[in-house]
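Labels run A, B, C and D following the written order; every chain starts at residue 1.
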Amino acid sequence: MGKRITVQEAVGMINDGDMITFSGFTIWRRPMAVIYEIIRQRKRNLHLIEVNSGTHGDMLVGAGCVKVWESCWIGHELFGKLGGNLDRKVRNGEVITEDYSHHQMLLRMAAGALGIPYIPTWASRGTDILNPEYDMLGKLGMRDGSNPRISRQKAQWVEDPFFEEGTLIHVPAARPNICIAHVQQVGEDGTVRVWGQKYADEEAIKAADKVIVVAEEVVPEEYLRREPSQNLIPPYLVDAIVEQPWGAHPTGNFGCYEVDGPFMRDFYNKTRTQEGFDAWAEEWIFGVPDFDAYLEKLGYKRLQSLKANSAYKYSNQAKRGSR
Amino acid sequence: MGKRITVQEAVGMINDGDMITFSGFTIWRRPMAVIYEIIRQRKRNLHLIEVNSGTHGDMLVGAGCVKVWESCWIGHELFGKLGGNLDRKVRNGEVITEDYSHHQMLLRMAAGALGIPYIPTWASRGTDILNPEYDMLGKLGMRDGSNPRISRQKAQWVEDPFFEEGTLIHVPAARPNICIAHVQQVGEDGTVRVWGQKYADEEAIKAADKVIVVAEEVVPEEYLRREPSQNLIPPYLVDAIVEQPWGAHPTGNFGCYEVDGPFMRDFYNKTRTQEGFDAWAEEWIFGVPDFDAYLEKLGYKRLQSLKANSAYKYSNQAKRGSR
Amino acid sequence: MMEKNYAKPGEYKVIDLLAVAAAREVNDGEVVFAGTGLPMLAIMLAQKTTAPNSYLIYEAGTIDGKSLHLPASVGDARCVYQAAVASGLYDVFGQLQRGRIDLGYLGGAEIDMYGNVNTTVIGDYTKPQIRFPGSGGNPDINSMARRTVFIMVQEKRRFREKVDYITSPGWRVRKWPGGQMVSRQEAFGKTFRGGPSAVISNMAVFRFDEETGLMYLDTVHPGYTVNDVLNNVDFKLDVSRVKGETEPPTHEELHILYHEVDPEGIFLP
Amino acid sequence: MMEKNYAKPGEYKVIDLLAVAAAREVNDGEVVFAGTGLPMLAIMLAQKTTAPNSYLIYEAGTIDGKSLHLPASVGDARCVYQAAVASGLYDVFGQLQRGRIDLGYLGGAEIDMYGNVNTTVIGDYTKPQIRFPGSGGNPDINSMARRTVFIMVQEKRRFREKVDYITSPGWRVRKWPGGQMVSRQEAFGKTFRGGPSAVISNMAVFRFDEETGLMYLDTVHPGYTVNDVLNNVDFKLDVSRVKGETEPPTHEELHILYHEVDPEGIFLP
């Protein structure tokens, strides 16, 4: 139906300065093919707004694409205890961070998806997340309304007048320009099916104004529509479709492939310096023309070892622990 | 696991004066076996709080079980253009009504499910739903906090301070004592699977303090857990399980059976007078000892004609229209 | 382009014309919220004629179903067949509030000259003469979809200067607290989306003046006159802009309605 | 009852004791929120010993999974196997805020004497020395589950009088705006649920005084002394209530941990 585009074209839909969000959870089901291409196309001043971040976010930060990182978490789980690039760039004052808690970020995305400007929550009272001194966008004068996607306040304290249960917090809706989602299957017209845990994908996709869906495979609409209660998103919410097998590597994808732990650990280790990251990016991003070439460089054997067993939904080949 | 009880025992869990909600949508998937038994056990002063109501709600009203009806809609779709009992009892001042819009009721239930006391919405501004003269619970002094489930205000007008988008409405959470849900399948421990449209079941179940699940069939947990992304509710949110085939009759149930239109139309016609309703209830509720006897009275042929074709998920036998 | 083969009065029923006129309000590619009855006929006819790429949402929680048999209500099992998504109210109402819905189809018991609709009570709300089903999603759709088409029965007691209860907001509404009648945008700003764009009755099609928010007569159905309409309206109706006759159903449209959309005669007698 | 067959120091590693001590905090039938690592070991051990009817929720969106292979993170495909529900964050965090969760397991980089935990930065937030991953769900779980158990590394620089950043609220917290340190309930009333009920380190188990909210020493692990603990705490720790030695792991527990819970050695070296 004319929605099929390439990874390169998908990244062309992203503008410098865009507020952007992604599918997935920490090191699972991140749209890595698009992430690499964003870096290759040298997008700048992105405002990441994410329920949680991970390898993909730290990579964008390392490549200098990110001005604001607004989320609750960044790291590589077992394969890297923090976001090496974010850590360094925050220490150097090169990236603006705005911290909310996980539930708050989720609710912010849910409010965006629901079309309301804010939502109440009990979460995270008593913490420095709500310390007005640490409202970084506010301190930098970015809450003046000049960017209509940045709320005028970080949060608000309000008394519950309905049940008199005390003081709660209003957190502002997340309103990204664009969401890039990697999923297992998309129909030719755009119906999205996600297998396994859905994370916060529904909220992220619905909160965004534009949606790019990258899928392991594009399948007939009729096939997905045999079980409509297993589908997450209808076609008219999807602006563009990219078919990219393995497109979430090195993050994992339920039913498709494992997290590539050694690849991720190597990445993390190299992010402890900018030079290290730059060399890594030179090898794995700038040194290859596109994602298929990247997969070729990884090689059949490595990919095959990550491939999910179709009964387990994960690989039972990859060695994971010390025994 | 000790959660299996009878319809009679389930109704024993309901107290006079309880705030109560149900699964389903208008004339679909309502827990009718329990509704009949509530009437048989002559529960009184119930406060119905429903995303929408239908045949079941009007039946409870007709039987004198209901003090407050708080919802957005009541009727029998094609088979009865309004709630005959509610219409009569409201005209006679015998039932208190509190009107919200559909989206507002849904959001109220969602707020209850989310554990927050209220939620903002743009819905239904400019209508008499928000006319303070028509805040019936307020006018009757029932918003004084003596019942902690009744909010102190019907709604609140608030300016959006985050994106300056204007005046919106806060509606209070719905906090029922109990939700009674009729579903297709429940596991022995309480995992709930709903086929087809989910309506507002997830919100209603999660908002309530106690949950009774009536299912067409109780199945092994292991069976439902083969596809966990198709399940709606985990076991620990379910307090009691009742197995009752056809338990939603005369309302319909996706994949199981059709709405019994003629039965419903007959019911509706009789509700135009209290005497008519009373005679109907005498025949179909008080005149039979339990729901299985009611099904026996309906008879095999009638039930079989309603039974869903397993490919279509509805009956292709029942004559529906004029041609 | 093939010339249209119109049916003559007597070759179709009023309800057919209602369905056809309503179907013509859909633009191709739009996302449409439809309720039980005529709205279903309208959108399904549109999908089979001029708007094949439009998407149909049912309030109970199905999106873009391709029903093999006409649903008798939006909660019907028939809604789910070949749907893109079968979910629930939270999904579809959330999309509505998020601004994703182009067009809603609604009905009502009473409508006033500003398009305010009543589906709640006749008489005083606190002591009514009749209690109707209530709002359902009427006010939600009519204040959060980009535009709304109402389908109504044309009677003097239904087209009133003032309705007994504003269930669904027209172009001038009550602002609470206080209750003054003010324009939508004046009352609530740009976040108040949509509103009634057309009212289709069994006699005519009405639209609304962008400035004043007042209803005016747009076209009169074949077989009726402007006077027929005026005799069935209880307020001063602007008839100065009548464009002429409502386009009648074509034989092809009637065929689709009776043989493809509602062959069982659920809504079409 | 069979007599317990305890392992002696040297027959188990510190991490084994941590997992076992944490597992003992679960009561049967409880609903438990567990993060990656030791929390997973603890709840899975508990399910195989003293709390077979407890329910395990992973933050990424699975409920009561019966993993065949130990997940390496809460987003792992392995979490889904034989789960009651596989959904997403909106479901499980909603249940948390609704008050459905009995126990959360958490970790942290720093903890103060009131149980405030820091997982965000070392140094000034606006110009940090280290930027950690951030809060994740730590503050959410620790203010909305009925109680929380923290698992920490025992070091002077980690058990501090005051943490650099309160990521997760202890028993006396900052009330904003203003920033005074006040008790949870004083600050926010009864809707502030839960809080840290135990801190389990590699040396000891700590609990909190109900009145003052101050941490005190509860039990010391075999092989450590009260003085060892005092030397690794940077505030005045109440050691007057020490109950004695932490119950060591049994051979059965160790067998389950190494052969059933983590046979691949994902978290257990």
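Operating definition for what follows: a contact is a pair of C-beta atoms (placed from the backbone, for glycine too) under 8 Å apart; a residue touches a chain by one contact, two chains touch by 3 or more.
On a predicted model such as this, the values are computed, not experimentally measured, just so you know.
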item	value
Separation of mean Cα positions, subunit B and subunit A [Å, integer]	39
Cα-centroid distance, subunit B relative to subunit C, in whole angstrom	27
Centre-to-centre distance between subunit D and subunit C (centres being mean Cα positions), rounded to whole Å	57
Per-residue multi-chain contacts in subunit C, two or more chains	62, 80, 86-87, 97, 144
Residues within subunit B bordering two or more other chains	115-116, 121-122, 165, 168, 196, 198, 229
Category of the chain touch graph - line, ring, star, complete, other	other
All pairs of touching chains, each written as two labels joined by a dash	A-B, A-C, A-D, B-C, B-D
Interface residues, subunit B side, partner subunit A - complex	115-122, 145, 148, 151-153, 156, 160-165, 168, 170, 172-173, 175, 195-196, 198, 229-230
Residues on subunit C engaged by subunit A in the complex (per definition of touch)	31, 55, 62-66, 80, 82-87, 94-95, 97-100, 144
For the subunit B and subunit D complex, residues of the former touching the latter	113-116, 187, 189, 191, 206, 221-222, 224-226, 228-229, 231-237
Sites on subunit B touched by subunit C in the complex	24-29, 51-52, 71-75, 77-78, 81-83, 86-87, 90-91, 93, 97, 99-104, 106-107, 110, 121-134, 136, 139, 157, 165-168, 196-203, 252, 254-255, 258-259, 261, 308, 312-314, 316, 320-323
Subunit D to subunit A touching residues, read off their complex	36, 59-62, 68-69, 72-81, 86-90, 93, 96-97, 120, 125-140, 143-144, 165-169, 173-177, 179, 184, 187-192, 262-267, 269
